[in-house]
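Each chain carries a letter (A, B, C, D, E and F) given by its place in the written order, and its residues are counted from 1.
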Amino acid sequence: MPAKRQPIEYADASPDVRAVYDDIMATRQTDWINNFWKVLAHDPPTLRRIWANIKDVMGPGSLDPLTKELLYVAVSASNGCRYCIASHGAAARKKGMTEQQYSELLAIVGLANETNRMVTALDVDVDARFL
Amino acid sequence: MPAKRQPIEYADASPDVRAVYDDIMATRQTDWINNFWKVLAHDPPTLRRIWANIKDVMGPGSLDPLTKELLYVAVSASNGCRYCIASHGAAARKKGMTEQQYSELLAIVGLANETNRMVTALDVDVDARFL
Amino acid sequence: MPAKRQPIEYADASPDVRAVYDDIMATRQTDWINNFWKVLAHDPPTLRRIWANIKDVMGPGSLDPLTKELLYVAVSASNGCRYCIASHGAAARKKGMTEQQYSELLAIVGLANETNRMVTALDVDVDARFL
Amino acid sequence: MPAKRQPIEYADASPDVRAVYDDIMATRQTDWINNFWKVLAHDPPTLRRIWANIKDVMGPGSLDPLTKELLYVAVSASNGCRYCIASHGAAARKKGMTEQQYSELLAIVGLANETNRMVTALDVDVDARFL
Amino acid sequence: MPAKRQPIEYADASPDVRAVYDDIMATRQTDWINNFWKVLAHDPPTLRRIWANIKDVMGPGSLDPLTKELLYVAVSASNGCRYCIASHGAAARKKGMTEQQYSELLAIVGLANETNRMVTALDVDVDARFL
Amino acid sequence: MPAKRQPIEYADASPDVRAVYDDIMATRQTDWINNFWKVLAHDPPTLRRIWANIKDVMGPGSLDPLTKELLYVAVSASNGCRYCIASHGAAARKKGMTEQQYSELLAIVGLANETNRMVTALDVDVDARFL
């Protein structure tokens, strides 16, 4: 029983996994599937569930698609998820993120992590005006 | 020697601290200072330094002011900094963030935290197309 | 002075380090030592201390051995410790964890990380019934 | 526009929110709703989505219900989510978790956090046997 | 069964818990016990184990006692553990930490959190000279 | 547009980037630049800003230079930033950190992470004497 789950390619996938792959490609108007989904495919119910969540949360709403991707990239950068930065970074670039914008995003992620820790360590009381 | 640093009000502040308070109020076009700065004021060089960083990073750039605040709020929410969510949430609302947008932001923060952990735990290889 | 500490093999170990290695192998009924202990061996007091803690905490108790390993894997997955997921995942599989159970564990780790952040960001008050 | 979202009680909830509340109470065989759901109710699509995820992930599977709750509590404890520890701790106690088991769970959470950091800091190579 | 464990006072403690309390007070040359130990006392083996670890790790070594406390405070501040900052902050002050030193410590904690995230997000390769 | 930013060597750097490189080398009395700065160089304002912060925070103060580096290493180890452990670990060794001291530092980082989580999970009330 191998510890690391390898990507399951379309050709080797069961019909229910293929159905999710097809929906991902149709929704994203692309002809390939990235490794995250191919690894999740070892557990079809989770593959379906996570894809449904992504489709729902990242779909049309009051925040525009680029802003949504920028937020995803920022949280992923803050959490140090290398794969997620790469995949959502690519999605953000596809939606128009420039290198300059990415630099500014990273600066915000860094600074927020700095001030978040200082504020918490100093146990600053929330101002009445903010409540 | 009290462990918790209390906010230093303008009336009690030294001239160099007042200079930072004045610049914060002028930059933000407001007439008050929130507790974070008043607590940082116990250490004037840090007060000056952090304010200079915030002014620089959150100032005009290729990302619009609202997007910058949304990113700050998202990282703060991901890190669980209650004060920072309150203060940057207020700043974001002032710049136009609606409650619906805030709901979508929180949904992205939650989902990114979910997938970030799954991706890392599954040790998914970065796709060649992303490199 | 090399920055990265290399594993110290049994043949090269001092008597006090060998004594810990022997106890690990006897306790686990195995004939090899994994790298974590061999790297900790550069600091024998810490090697002894951490092994004593692991032996105590992961030894017989009111939670069965498999459940204890599942909890260790879940925390390691949540923290993104690749080595720990591999080593404690192997231990859990040896104690009976199935791939299906591992999939469910990862789903819980992911979802808990999602709701943990949402709950904290929303600053939800603890219900009186929970106090 | 108040920053902190207050719980929405059943009497004040819209029909679609009530439908989720009803399903939560029916599924859990209880007659009340805890604050997390009442606060999520400000954003009905997220309320529905998160509840569907919880129902799916925490429902019948290859891990028994108590083990699933223990894993949820362990991740929440590791993340320091006070509300989540309280709510999932209550759920775990309802499913049979004893105080002794909770003590052992916390000991594992603590120790895993200790060794996770040491392993990562020491950059221990994953043993070939674990790959 | 109450969810939150209350401190167990000396007068109400069992002999084995009192033995640990006595050792803490003798080691620290003080006449009181702080809440962390009194809450851990619900689980005597963990109380004994954690105290033994603290006594060992924080005892005499190649780092002086004040530096050890500063490191403990810095990690606790970085992790946002309010109680730990208060208790180890008090211990550090007792050993000579000045308010100015505490300010510098917090500045380092903040800045390290900033650069840690930027470095990880940028996936900077470790320089050959550092290996 | 490549996702991963490669180091910008001195020979290829713009004058304003070279100015920062020169200041880093002069301040550190060394003749090379490590990768972090060369990668930050894609965004000159951030390069200048982060270097100014490091120079300020890590410069002369009430904590001696070695203690400052130890604190930086400890936070980086706690956060699992491999590059930062390598670079600040090298700086600490240059300033006198012994391998024995590094072992003790890692033991504190590990133990603080253990007790931080236990304290937070147990929701221990801060003792009146600490307030």
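Everything below uses one rule, namely that contacts are C-beta pairs under 8 Å (C-beta built on N, C-alpha and C of every residue); 3 or more make two chains touch, one makes a residue touch a chain.
Every value quoted in this text rests on a predicted model; they were computed, and no experiment measured them.
Asks: Chains shared as neighbours by subunit B and subunit E?
Replies: A chain counts here if it touches both subunit B and subunit E, which gives A, C, D, F.
Asks: Let me spell it out: compute each chain's centre from its C-alpha atoms, then which one is farthest from subunit D's centre?
Replies: Farthest from subunit D by mean C-alpha position: F.
Asks: With residue numbers as the basis of comparison, which of the pairs B-E, A-C or B-C duplicates the interface of D-F in over half of its contact pairs?
Replies: B-C
Asks: Name whichever of A-F and A-B has more C-beta pairs touching across its two chains.
Replies: Output for the comparison: A-B.
Asks: Where the CA atoms of subunit A average out and where those of subunit E average out, how many Å apart are those spots?
Replies: Between these chains, centre-to-centre, one finds 35 Å.
Asks: Just curious, how far off is subunit F from subunit B if you go by their C-alpha centres, in Å?
Replies: 21
Asks: I'd like the Å distance between the centres of subunit C and subunit F, where a centre is the mean of that chain's Cα atoms.
Replies: Centre separation, subunit C to subunit F: 28 Å.
Asks: Residues of subunit D touching 2+ other chains?
Replies: Residue numbers touching two or more other chains: 3-4, 49-50, 53, 57, 78, 80-82, 86, 89-90, 100, 106-107, 109-111, 113-116, 118, 120, 122-123, 130-131.
Asks: Which residues of subunit C touch subunit D in the complex?
Replies: 4-5, 7, 32, 34-36, 39-40, 50, 53-54, 57-58, 61-63, 67-68, 70-72, 74-76, 78-79, 81-84, 86-87, 89-90, 98, 100-101, 104-105, 107-109, 111-116, 118-120, 122-127, 129-131
Asks: For the complex, which residues does subunit F have touching subunit A?
Replies: Residue positions touching the partner: 1, 3, 42-43, 46, 49-50, 80-81.
Asks: Could you please specify the touching residues of subunit C with respect to subunit A in the complex?
Replies: Of all residues in subunit C, those touching subunit A are 80, 86, 89-90, 93, 99-100, 103, 106-107, 110.
Asks: Give every residue of subunit E touching subunit A within the complex, in rising order.
Replies: So the residues of subunit E touching subunit A come out as 77-78, 80, 82, 85, 106, 109-111, 113-118, 120-123.
Asks: Considering the complex alone, what residue numbers of subunit D touch subunit A?
Replies: 2-4, 45, 49, 53, 56-57, 130-131
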